[in-house]
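Here come two complexes built around chain A, the first alongside chain B, the second alongside chain C.
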Partner chain A sequence: MLDDVAIRFRQNIGIVTAVLLFAVLYLLYNFAHPKGFSSAVLVQNGDEIFALAMLAMAQTVPVLASGLDLSVGAVMTMVGCFASYLLTGVADGTPLHLEIFGLHLGLGTFPGGVSGILLGIAVCLAIGTLAGFINGCIVVYGRIQPIIATLATGAVYIGIALFLRPTPGGKIDEDLNWAMTNSLGDFAATVHIFDDGAASWFAPVAWIPVPFVLLILIALLVWVPFRRSVLGRAVYAVGSAEGAAYMSGLPIDRAKIAAFTLAGFFAGCGGLFLAIQTSSGNADIPQAGAYTLNSIASVVIGGTSLLGGTGSAIGSIFGAMVLRVISFFFRIFDIAPLLQPLFEGLILLAAVSIGALGVLRVKNTLELFR
Partner chain B sequence: MPDAIPSQSAFLTLSGISKRYAGVRALEGVDFACERGKIHAVLGENGAGKSTLIKIIAGVVQPDTGTMRLDGRDVSFATPSAANAAGVVCIFQELSLMPDLSVADNISIASPPRRFGLIDARAQRRRAEQLLAEIGCEDVNPLMRVRDLPLSRRQVVEIAKALGKKPQLLILDEATSALTSADVEKVYAMLARLKAEGVAILYISHRMHEVEALADRASVFRNGRHIETFDKGKRSTADIVQLMIGRDIAAQYPPKPARETPKPVLDIENLSWDRHLHQISLRVGAGEIVGLGGLDGQGQKSLLLALFGVLRGVSGQITVEGREVRPASPAAAKSVGIALVPEDRKTEGLMLPMSIADNLVIASLDAISKGPLVDRARENEAIKRAIARLQIKIGAPGDAVSTLSGGNQQKVVLAKWLMTDPKLILLNDPTRGIDVGTKQELYRLMRELADQGAAILFYSTDYDELIGCCNRVAIMYDGRIVRELEGDDLTETNIIASALNIDGATPESSGAAHA
Partner chain C sequence: MSSASLSLSRDDRPILIAALFILVILVAGTVYTFARFGSAPLLSPTYLLQQLQIGAFLGIVAAGMMMVILIAQIDLSVPWTLAAAAMMATSIGGPLAIPVGLGIGLLVGLINGIGVAYLRVPSMIFTLGVNAVMRGLMVAHTGGYAPQTAATDLMRMLAGDRTLGIPNALFVWAAVSVLVTIVLQRTALGRYVYAIGNKEAAAYLAGVDTRRITVICFVLCGVAAALAGVLLAGYSTKAYQGMGDAYLLPSIAAVVIGGTNILGGRGRYLGTLIGVVLIVLLNSVLSIMDMPEAGRQVIYGLVIIFMLLVYGRGERVTS
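Then we have the complex of A and B:
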């Protein structure tokens, strides 16, 4: 039994390292923060972490299948722009129309109210998922390398976002914004459950920030079942040895499509949250690019091999949190914020170096190039 | 004609199967059958068509012509999984395991036990433990990643994975090559059990004593044809070797000049590496072509790589022209005058999209440069000389090297190294996939280089070629040199006998007997 624990520990050393790194950094941060260890700080951190954590999860799945998805930031941005039209929360609904080639096309009215918001959320997530599905189909049926396929589709998705929001704007329902970006207590008070959050049994958990709860729910309800499904197993197998996976009769094409589709879904979740958090849609190209690159960095810090086959989206969440905590430090220690990329880069280098130690054990140097 | 086997008792029947790869014949008009409850050995030299045969049966490749019947029904397998579904399971030489997944994951990869639609990790683990216990290898922890297991244990996992598919026809392709002798015994016991249960077993092995111990029947293949099938005990080992060799039209080889003991260029003492090379001692003199023979994968390639500085952790002594060297990289090997024509010319020998000219000078840039800049005039001069010397047929030197035929590509690889003026030339199966005409040019060139004083170490899978080209051939088996053949001893029968290690001689005794 002890054997098993030791084996599991060795195999998950990457994730363990990321968790420890995060724990140490976050404790230091809270000690240094004047209002450390308070719900307010936690809520603020949660809001700042969520979108990147989602993108890190999104990036993990294609990387496990040894592909890189350069469109996750673009999908996030596009979904955010859609959300700024669909989640306005106006009771009478939102009239939608399309202006293209000088034509004015009425698209009817998107329903308002609570049911309208729920529908809007579903539509936004569906758009993200569809974008990922398209990526997967292009990679599999177009036989195009993932990195270039998603570079192209990413540009297309950004184009759609710019078409939707040439300038930042739009509106998100205020209650939705309040409920999703604060503590569980605020959430309950806004949607009027558990006696508006005053129920006595609810008090011990009321301080937990909603984004963390969402993160855990998505991880448990989407990632864990996926990892334990045959399709999820096939994704790992494809990333580990595609030839062997084929010879074992695994559904390789479906696994790759599933990997990119799931990436689209996660990226959609991130975009949806970002729109809710900022109460607007913004086709911000530099931001999309930065999120994509940070998602790759998070995946690596979280112990997933860019060669595919090993790692986990859970590790990537911690990778994203490590990156974010580094930026928190800049706020409290009053370091010039311009130095931030420098430090993030150094941390990334250190994390990758640990992962590269195995190279020293290779006995046939020709294998390094295969 | 192969002996007919009564078709009513056959479980698998192949009729008229042919297969060509890019115009090269791999199988031609093969009729073959095997029965339930029998272990059927498939024998043949390297390239006799055994691998293609089992790939067709296992659904990895499709035959060009011919039919296959399984259990009385016509079948054709489009994929390995279709073959698996019909009960045909193959344990391949190249492992089909996914290194990053655990042993339990790998064993149940195709159809894992499920609960509520999700993989049931606990049931999967029990299943792995059960299957591993069946072959007596309980020591493998199913949680371990395959990557972290030694090769012999991976092979065990591969066998357990195949067993888990409940095979009706089990194909073992050199499946015991990496096993320890204790594990081999366990695998034998498992095969006997499967045989008793009525499973048909196809067994491919180069170990003659293994075939003798296990097989109820054997079929010999040669040059893509099924030569003969016979029952156990009907043929002596010598007969079988003769059947495997057959008669071939010999290629033209340049004459070997007689010479006295040459000045040694390469002197290897007790070279060992990892688990693949053991205590190798070998000398190659100036003007000598020394062959490396034996079955595929007995350490010949590793030996060449070790000399070229590719391998880490090599022990022993390497002396080149009286100076002890220990090349740490191909660059270091190059600087002491060693050249290697590598195994795969497309990935290791050439930069395919680059031009012929660039490829030719890439190893000798320092010789044609002034300071940091390449001297264009000297470069063009060198390129012209190389192309003329090797008679490489090209359009223009600026064309991509990928536009050349395989033979001419190989000439470019060789020419590239000749420009460095090597003292020791290592050749890793340089004539593979090359037409006969170009082969003869290469043989002539090798002899020419030797005559100019180079020492050549030449690995080839083609025994005929070794006999025709080499002054001396060292036969390797299991990472050791088991015998050195020279002069009149250098015959195909002797090569095959030593390659199969039929007398089971320990390297010490046979080496001593021949020293």
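Then we have the complex of A and C:
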């Protein structure tokens, strides 16, 4: 029994480190913050963490299959630009049209109201998922290396986003923005459930920020079932030894497509939330690149090997939170904004280098060349 | 035809197809300009030389990037290595400007190489961190504004002036190309690079100091990026924030379009050269067509996918 725990601990040392690091940093942050341990601070942090956490989950799945998805930031940006058209919440609906090569094509009216918003959310997530599915098909049937295939599709997705939003703009329903980016109590009050959030049994949980609830729901309802499915196991198997997985009769093609599709779905969730949070669509290329790179950093800090086969999306969520908390500290300790990129880089380098010190203990040099 | 394509080696086919695609771009662009403006600027040597002069910076970056990709690594620190070299060179000024700029590249490459080769941190993440550090250092150094310092006369001469009607930047690019070709094809270092890219463990067992070679490759990549930065500062007479951001992905794309395997161990420098020309010409045709940024990105992505579907397909894993 004790051996079992010890083995599990050793196998998950990466994720345990990430959780502990996050816990320590976040406690310190709250002690240092004048309004620490309050719902307001938690809500603000939740809003800032959510999009990166989703992208970190998105990056994890292809990485587990020893691929890398350089298009997650682009998918996020593209879905956000779609959302700024589909989630306006105007009661009469939003007329959509397409201008291409001087042609003006009417595309009918997208429904408004609550049903329209729900439909809009579904369409946005479907677009993200489709983008991921296309990535997967190009990687599997085109047999192009994931890193370069997603580099190319990422350019295409950014192009579509720029086509939709050459300049930042658009609009998101205010109620939707309020409901999704505040605490559960505000959510209940906005959508009029549980006596507008005043029900007595509801009070103990009313302070929890909605983004955290969404994060936990997505992790429990999407990631955990996927990991336990045959496809999910096949993703891990492909990542640790593709040849062996093939010889064992695992569906490696479907596993890879599923990995990229799920990445597209997660990235879509991130883009949807970012659009709702900022109430606009913005085809910001540097931001898309920064999110992609930070998602890779989160995956590594969260204990997932870039070689594939070991790790978990839960760890990546904590990796993303560690990255974000570090930037929270800059606000607390009044570090000049100019020095922030320097500290971020140094901390990232220190984290991965300390994690790599194990190589100094390796006795057989050949073990290094896996 | 079939015997001709059979006799082409695995590494030559991509180069030939990419070269054909360059012709397609030239023909399509010329047809377009002739129909719309009644002229053919794409076929005028002056215009082509001017485009190649701009392409020289990308070409030098891609040459360094290729050394790193050949050993199955990647260098994401290129953008701010390039910018840092340019900024330090302009702020030092005088005769030391270029040596200091290149020294920055050497130092960054050394750090990258040690992190990747000796600490065994995946290059994807280590160079990403180094890039952030370099960006931080430069932002702190310049205060986040465009530096006021100007490029030295030598830098301007190397990047902007012409000798016998040919831009000097092309001579620098040609010198780098000759050097890389000789290193890859005629020296032991070149053989080691391909060996490491194919199987590092095998190269190690064969007695190659694989870690030292890895460091050397990263140093070469850093110096190449720094050289491009120094020249780019000379071309635009000063350094500016984010001047390297536009070079990372195109340089990787150029290397890959030229037939170099992104997993290392295979590829010829001639391919990278062709890949750079292809990307530069594609860009100039798109700007002649007044293509908005959205369309450029889409076409850019589709061209990469198309080229790789034609010749860059991997083998099916069956054991």
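Everything that follows uses one rule, which is that the second predicted complex is superposed on the first by the 354 of 370 C-alpha atoms of A that agree within 3 Å, B and C clash if a C-alpha of one lies under 4 Å from a C-alpha of the other, contacts with A are read in each partner's own complex, and residues count from 1 in each chain.
Note that a residue touches a chain if its C-beta (ideal position, glycine included) is under 8 Å from a C-beta of that chain, and two chains touch if they have at least 3 such contacts.
Since the model is a prediction, treat every value here as computed from it, not as a measurement.
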Touched partner set for A:Leu366, first chain B, second chain C, both or neither: both
First, second, both or neither for A:Gln11, with chain B first and chain C second: first
Chain B versus chain C as contact partner of A:Gly108, first or second or both or neither: neither
Touching partner for A:Met247 - first (chain B), second (chain C), both, neither: both
Contacts of A:Ala237 with chain B and chain C, given as first, second, both or neither: first
Chain A residues touched - chain C or chain B, whichever exceeds: C
Which superposed partner A:Leu342 touches (first chain B, second chain C, both, neither): second
Partner chain(s) touched by A:Gly309 [first = chain B, second = chain C, both, neither]: first
Touching partner for A:Asp3 - first (chain B), second (chain C), both, neither: first
Chain B and chain C footprints on chain A, overlapping residues: 243, 246-247, 365-366
Chain A - residues contacting chain C, complex: 68, 138, 142-145, 147-149, 151-163, 166, 242-243, 246-247, 252, 283, 286, 293, 296-297, 300, 306-307, 338-346, 348-349, 352-353, 355-357, 359, 365-366, 368-369
Residues of chain B touching chain A in the complex: 60, 79-81, 84, 92, 95-102, 105, 109-110, 112, 114, 117-119, 121, 141, 143-145, 273-274, 302, 305, 310-313, 329, 348
Interface residues, chain C side, partner chain A - complex: 74, 76, 115, 118-122, 124-126, 128-137, 139-140, 143-144, 200-201, 204-205, 210, 245, 249, 252-253, 256, 262-263, 292-302, 304-305, 308-309, 312-319
Residues of chain A defined as touching chain B within the complex: 3-4, 7-8, 11, 225, 228-230, 233, 236-237, 239-241, 243-250, 305, 308-310, 362-366
